[in-house]
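Which chain is which? They are A, B, C, D, E and F, in the order written, and residues in each are numbered from 1.
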Amino acid sequence: MHYDLPLERLQEYAPDLPEPADLDDFWARTLAPLRRDASYERVDNGLVGVETWDVVLSGYAGDPVRAWLHLPAAALRSGPLPGVVQYQGYNGGRGLPHEHVLWATAGYAHLVVDTRGQGSGWTTGATGDPAGSGPAQPGFLTRGLDDPDTLYYRRVYADAVAALEVLRSHELVDPARVAVAGGSQGGGISTSVAALVPSSVAAVLADVPFLCDFRRAASVAQAEPYLELVRYLAAHRDRVEQTFATLAYVDAAVLAPRATAPALFSVALMDVTCPPSTVFAAYHRYGGPTATKEIDVYEYNDHEGGGAYHQARQLAWLAQVL
Amino acid sequence: MHYDLPLERLQEYAPDLPEPADLDDFWARTLAPLRRDASYERVDNGLVGVETWDVVLSGYAGDPVRAWLHLPAAALRSGPLPGVVQYQGYNGGRGLPHEHVLWATAGYAHLVVDTRGQGSGWTTGATGDPAGSGPAQPGFLTRGLDDPDTLYYRRVYADAVAALEVLRSHELVDPARVAVAGGSQGGGISTSVAALVPSSVAAVLADVPFLCDFRRAASVAQAEPYLELVRYLAAHRDRVEQTFATLAYVDAAVLAPRATAPALFSVALMDVTCPPSTVFAAYHRYGGPTATKEIDVYEYNDHEGGGAYHQARQLAWLAQVL
Amino acid sequence: MHYDLPLERLQEYAPDLPEPADLDDFWARTLAPLRRDASYERVDNGLVGVETWDVVLSGYAGDPVRAWLHLPAAALRSGPLPGVVQYQGYNGGRGLPHEHVLWATAGYAHLVVDTRGQGSGWTTGATGDPAGSGPAQPGFLTRGLDDPDTLYYRRVYADAVAALEVLRSHELVDPARVAVAGGSQGGGISTSVAALVPSSVAAVLADVPFLCDFRRAASVAQAEPYLELVRYLAAHRDRVEQTFATLAYVDAAVLAPRATAPALFSVALMDVTCPPSTVFAAYHRYGGPTATKEIDVYEYNDHEGGGAYHQARQLAWLAQVL
Amino acid sequence: MHYDLPLERLQEYAPDLPEPADLDDFWARTLAPLRRDASYERVDNGLVGVETWDVVLSGYAGDPVRAWLHLPAAALRSGPLPGVVQYQGYNGGRGLPHEHVLWATAGYAHLVVDTRGQGSGWTTGATGDPAGSGPAQPGFLTRGLDDPDTLYYRRVYADAVAALEVLRSHELVDPARVAVAGGSQGGGISTSVAALVPSSVAAVLADVPFLCDFRRAASVAQAEPYLELVRYLAAHRDRVEQTFATLAYVDAAVLAPRATAPALFSVALMDVTCPPSTVFAAYHRYGGPTATKEIDVYEYNDHEGGGAYHQARQLAWLAQVL
Amino acid sequence: MHYDLPLERLQEYAPDLPEPADLDDFWARTLAPLRRDASYERVDNGLVGVETWDVVLSGYAGDPVRAWLHLPAAALRSGPLPGVVQYQGYNGGRGLPHEHVLWATAGYAHLVVDTRGQGSGWTTGATGDPAGSGPAQPGFLTRGLDDPDTLYYRRVYADAVAALEVLRSHELVDPARVAVAGGSQGGGISTSVAALVPSSVAAVLADVPFLCDFRRAASVAQAEPYLELVRYLAAHRDRVEQTFATLAYVDAAVLAPRATAPALFSVALMDVTCPPSTVFAAYHRYGGPTATKEIDVYEYNDHEGGGAYHQARQLAWLAQVL
Amino acid sequence: MHYDLPLERLQEYAPDLPEPADLDDFWARTLAPLRRDASYERVDNGLVGVETWDVVLSGYAGDPVRAWLHLPAAALRSGPLPGVVQYQGYNGGRGLPHEHVLWATAGYAHLVVDTRGQGSGWTTGATGDPAGSGPAQPGFLTRGLDDPDTLYYRRVYADAVAALEVLRSHELVDPARVAVAGGSQGGGISTSVAALVPSSVAAVLADVPFLCDFRRAASVAQAEPYLELVRYLAAHRDRVEQTFATLAYVDAAVLAPRATAPALFSVALMDVTCPPSTVFAAYHRYGGPTATKEIDVYEYNDHEGGGAYHQARQLAWLAQVL
């Protein structure tokens, strides 16, 4: 069922979201200490067309973050490779060494990055989050809400930026041709990374992104994980305004105007997890009025969005853009 | 929740299933007319590591059946290739040209075969089923129940055998090293194909197979699509015995003793779609007492079974067996 | 919950639905070959007030279609009888010989017609559909969507017209006083039949009709079977426009302006299966501006609609109209 | 899913249910004051094959109870008629005058009796219950549980006996050939009436009866209305034993051995409302070891049981027995 | 999800609800016979800080109504006590002697009153309702709908007024400082009592009140018990207007303008049981344009509303107002 | 529904659970560093019968843990007070200052302790958990599963022991008469604390305890939060044995034999959250063969267990035991 705004109103939904006064300082302060350190260990993935390395990179506060680097097999590559950094959906991880090899099969250096503390769901991860939290809902969205400095997604975005720079500095990769990509939570992270380090991002693939326009999301979402936020506010009835003010620091729709790279978004009009209005909020704000951007609308899909159809679209679009 | 028999009883659950008197005749008659015709058209899959051909093969009654043939890129192959024929889960199809390329990336010639009439679900297909049906439940399981000759899965199994022979006769493929594989419906089809043409099958990968021990399944399954059968019997209260007698012709657990190839099964103990007892029924009967077979038990999984963990297991197992 | 448009907006909801250019040709071509053949065999229904015949009539492409003809017992009848042809709800069939005898008890010749391929649900049927389908969702709504010529409901409507003419040509029936009737799918069929052969229909009883205003239905319906269409479009993301263009050939709301007979509709405002707006779309378009028509609004009912209350209303209304 | 005992254990499930010491006194005292008064008013049911009278009879404590008397039209009848008294399922009522006319169409005098206080559900009623209740769950099952004398079903059973005697004393009816019948609650009432006034009952038709073996029912039922009892006991944790001791006075399985009439039961093995074990408890205890009785087992049905198939069976069975 | 009107429209939602012509007469007639009789028996509650008496008071028609009177322990009290009469949520009762002692611990004489016939749910009661009902839905909301005189809530409101007067006449209580309080059903009763006997009520605490603006409630509520009304109207399709006309006599939103006491309401914007619009209807109409009233809005809560946060608010607010 | 073992088998269910070899060392090492530091600040709770202090105590690793200390008002107390330390259910916290005052009203010094990191659910907390976790499911149960040393519940149990000692060392409290108490998670913590520091615990009140017999719980639980563990194992298919071996360190049923204090347990036979067999496992193992213990069985309750009825029982039982 189409439960959110009708399409014609979605196509103009570009809310004026309040931006924290110290937003740029906050992120400058957060990202400054990041280093590009990474270790690489070759692993056997059972495949002949893709080579895989186990990567440990240095994320927020120097915490180790795990990733797989997938490369096209040596026989398939020549010259510096374009790259894709892929961030994961909520509760997932980088998975097993053979699990996400499409971009490498398509000729890209592909870095599949864990999300700290996650990775016990549909795919598994190997990266913990050493930081704890104040009283929070089960889940990740409401961790650290007491202060922007302790926000869980502050650490995640910093890890994501570090991962991007690690791939860009790899000897086989062309640093000017690296895209960020992901669906759901990965789409939100991609959008935010594009806004935080615009000069490092050559393209953005953001599918049905999570982490956008939190106030609207809490009002209309019908499925996890935005409902974690609803339950948190249902318990902490006295922290509504403070909570949204804090979340603004990691709201991809708030950050989006800072981005500059060409972007391909997707949105699903029956998506009860990431409501279409929240996706359009990020899309319409993305990159300011002059950005090169497109959004593919999947009219009858829930959170699976465009699925393999959109993958084919991304393969074609990215081949042209990078 | 573990709702089926406890594991220790599952490990001995090998029911004595009645076999139709004319079972071998029925299948001999069904498979005899099959031909190995197939057309191949190269398609652009957007990838550098895998080549894909659009295959139209001749299935039951000569009906066209669509498949993708994925091969490792030329730079990656040498000598005759081992092969994998993959049958789909219920409601799925061969998908898009870039969608199931893992086996090719692992060095196999990989034929991804449509299931006639299906392919409008989690993956899409391009193969219709020109045959209709008597009064049936919405779905595929109860089509053609009036007579073994009109059973939907009779046609599906014949298509599956045809596809196997097509891959075995491909010039780049070693016909002695072709496996059949699939999950859920694809696992049931694989098991049945291994029983119907044992000399053509070098190995079987059957994950959480559907289409096994129908009477038990109708009694304990809690999710679609076995519930189609329950609803059919709830409506046609006068056809219970006739229905199970008819289904016996396509019951993978009934057919399984005829198989001879080494097999790797998997079962999930919280699987509400394909109850573990029905999988063990097929496994324990598979290949008779001397078969080379293993079953991996996923104790806390629902129908997703072993997922990527089991894929890794299959990559290793098949590399050894073929 | 009232989830669709509020009543005051429903009362003006008369969308301008696009009509295929060759719609009349399509149906002329479809209906031309129909014949009025039927065989009758008396069956024992266990009743003294109603006589029942097992009817096999010739439907689309000459396919056999089963029906029951119920007549008031001989002691109860005198002169040519008015008639009612009743089409079934989705997944149902003509049932058993004693099952739908109200209209005969009320003095009508009553033809209860199977829906081909259906009849394994709340009532059972005995009529198969020999035609298959391209890749489709489990269910009937998305069968044959590749082309208007192969649409499942093309065949169903043709069967329905044939059944109407069979009853009209029965020796005990007054051909000028035959109504078409049905609920849900049966209501959609009735409306379409009234539009396809207006001169043969003396009255229409359409309850909470299905098969109306498909695009709106796919957008707002919350229950099966319209969700089959939503899932089909969710899978075949590239066929949205083509699908609705094809369905227009069998959309009762598209066809409705061609009807001329007096009609009694009903609609339920909490109907999550056949959304009230889709029913009003058909009703408001029915018969053009001058039609004799009424619609009974059941404000707090779901798809059960007016139930026995509306049956009483129909008995009274039809007694007056015929 | 088959959630209750397996069929082979159901077929021997005949629990030894404790009987209140004063059970016979209790019922003698309850039934003694009943009178056979009834008023009849002819109503227009819109039908030609059935005549209907609005009956007001005198139930428990002289309270007015409404019923419809349906008779075959005069042209269809000759000699004293056999009769059927039909009791309703939970939450239903006698419905509208045209609503339950099958038995009359089959040649029986048919009395469709309201259940006091009910009749606002799937069918409507016109009979209130002037007696209130102590603290009770929403619903009817836990009303009056403080004392056997105030039990809701005490009044209902008394009404049911009165209705039976009213039909037996009707001038067109043969008092030696009157059956009691009903499904679910109506099946429980029928069974109890057969036990309370065995000499007045010529046959029993009890479908998927409710009100049997309450302790077992509270333990295994998964759907309303037995869950009213579970919730009542969940609230009144100190009244478990007292509650079951009180309910024993109206437990059809407790009363069943007193019955003598031939009986046709039905049971559905996937019935989550009236668990099959509770039905077998009543069936096996019915009429003692020498009773003429049968039970039809519907293996894949939920509470709809045998539906129209069983109706056909009942028409045939009753024609033979009466 | 915010499913009702948006907050800005809720803040102006003050419907013009039709008032029965004889509303004041009806209530004058109802309340006139009430007496202030009550018996008190001290019970052991296991506590040292609160003393509890078992109260039997005389309600509607002199029916006995049970309550607990909780007082601060003698060592804690001095001078006449302010009082709180608390009415219960749907299906609850006064509970056990130690169960609701917060107001007494806060220094108030606290009368916890049963709701007749209820008390078999989340808390238990000891008060029956000797009056029966015409055909009604399982539950309490639709009992007695045939006539305003037999309405269940007529009796409940009369009991509530009687309880208020009993507490006001207790020797330790200051009759000028007695509040009425409750959540959900208790909030609706409190509001109505404040309207029926405005001079006896010193303050109102109405949380997420039930029993307000029935027509709107039946249209938008998604959870019990308003759905009892929806189901009743779904069954009795011919009684829609009569039903709402009858319910107007006990609609707290209809009665609310008659109230004069200061009031603190609460509303939860995700409340699917008592829709926020129905609460705002009562609030905005409460006490006419000059009333001293406040409403606390809990933006992300369902029917639990403000919970303990609002209790703290009430403790502070009432300390100031009384 | 009774879905777990039947009562007669539950009453003998005392599994032989494997105990880690270094279990005592592990806990000695964990508890040794704890200190009894605590700060107290009086807060206004709006009550006259109970005084409340905001307590900050020093938990695991010296982390601050928040609690409320509720005392009977000065006018109500004399001599050293018996005490109750109450641990919270999953997702809850100490709540607001007026929220849990029953034990103080009953004359006990009552320490209501937060659970670190929780407190955003049905009650709120103010205590964070500074420690992070490896990849975990959303929720608390699977945090730190990589190693017994990092287990979340290791820290929680240490906090719980610290809180107990803080209350025992309060100047108004009799250290020989302090009980531990809680429901669900609080019941599991109470049981474990009684086992870890038996000489400090005078009595145990454990209601429907969580954290018992994890392997059984993962097999039969139907509701959160044990399902977190099921999902974790569904993802990490390779960690099943390691996970249960690690959890054994904090399994209350494993620890229970070490306890010595008199105990009152409760269990609910329809509890889908904490299955009755897991509760009986802890109960039967508790305190070895000679322990003074009782268990109250609530036969028709889900996880709410005995509710207020059991509170009354606890008030009486504890008054006798302490």
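Assume a contact is a pair of C-beta atoms (placed from the backbone, for glycine too) under 8 Å apart; a residue touches a chain by one contact, two chains touch by 3 or more.
It should be emphasised that the depicted structure is a prediction, and the values quoted were computed from it without experimental measurement.
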If you check the contacts of subunit E and subunit F, which chains show up for both? A, D
Hey, what chains does subunit A share as contacts with subunit B? C, F
Is the C-beta contact count larger for C-D or for A-E? C-D
Chain pair repeating D-F, as identified from E-F, B-F or A-B when over half of the contact pairs by residue number coincide: B-F
Taking each chain's centre as the mean of its CA atoms, subunit B sits from subunit C at a distance in Å of 39
Cα centroid separation between subunit A and subunit C, in whole Å? 50
How many angstrom lie between the CA centroids of subunit A and subunit D, rounded to a whole number? 63
What positions in subunit D touch 2 or more of the other chains? 123, 309
Which label fits the chain touch graph of this model best, line, ring, star, complete or other? other
Of subunit C, residues touching subunit A in the complex: 218-222, 230, 233-234, 237-238, 240
Taking the touch rule as given, give the residues of subunit D at its contact with subunit C in the complex, in rising order. 46-50, 72-73, 75-76, 95-99, 101-102, 104-107, 123, 308-309, 311-312, 315-316, 319
What does subunit D use to touch subunit B in their complex? 1-2, 270, 298-302, 304, 306-307, 309
What residues of subunit D sit close enough to touch subunit E in their complex? 91, 93, 114, 117-140, 142, 146, 225, 228, 231-232, 235-236
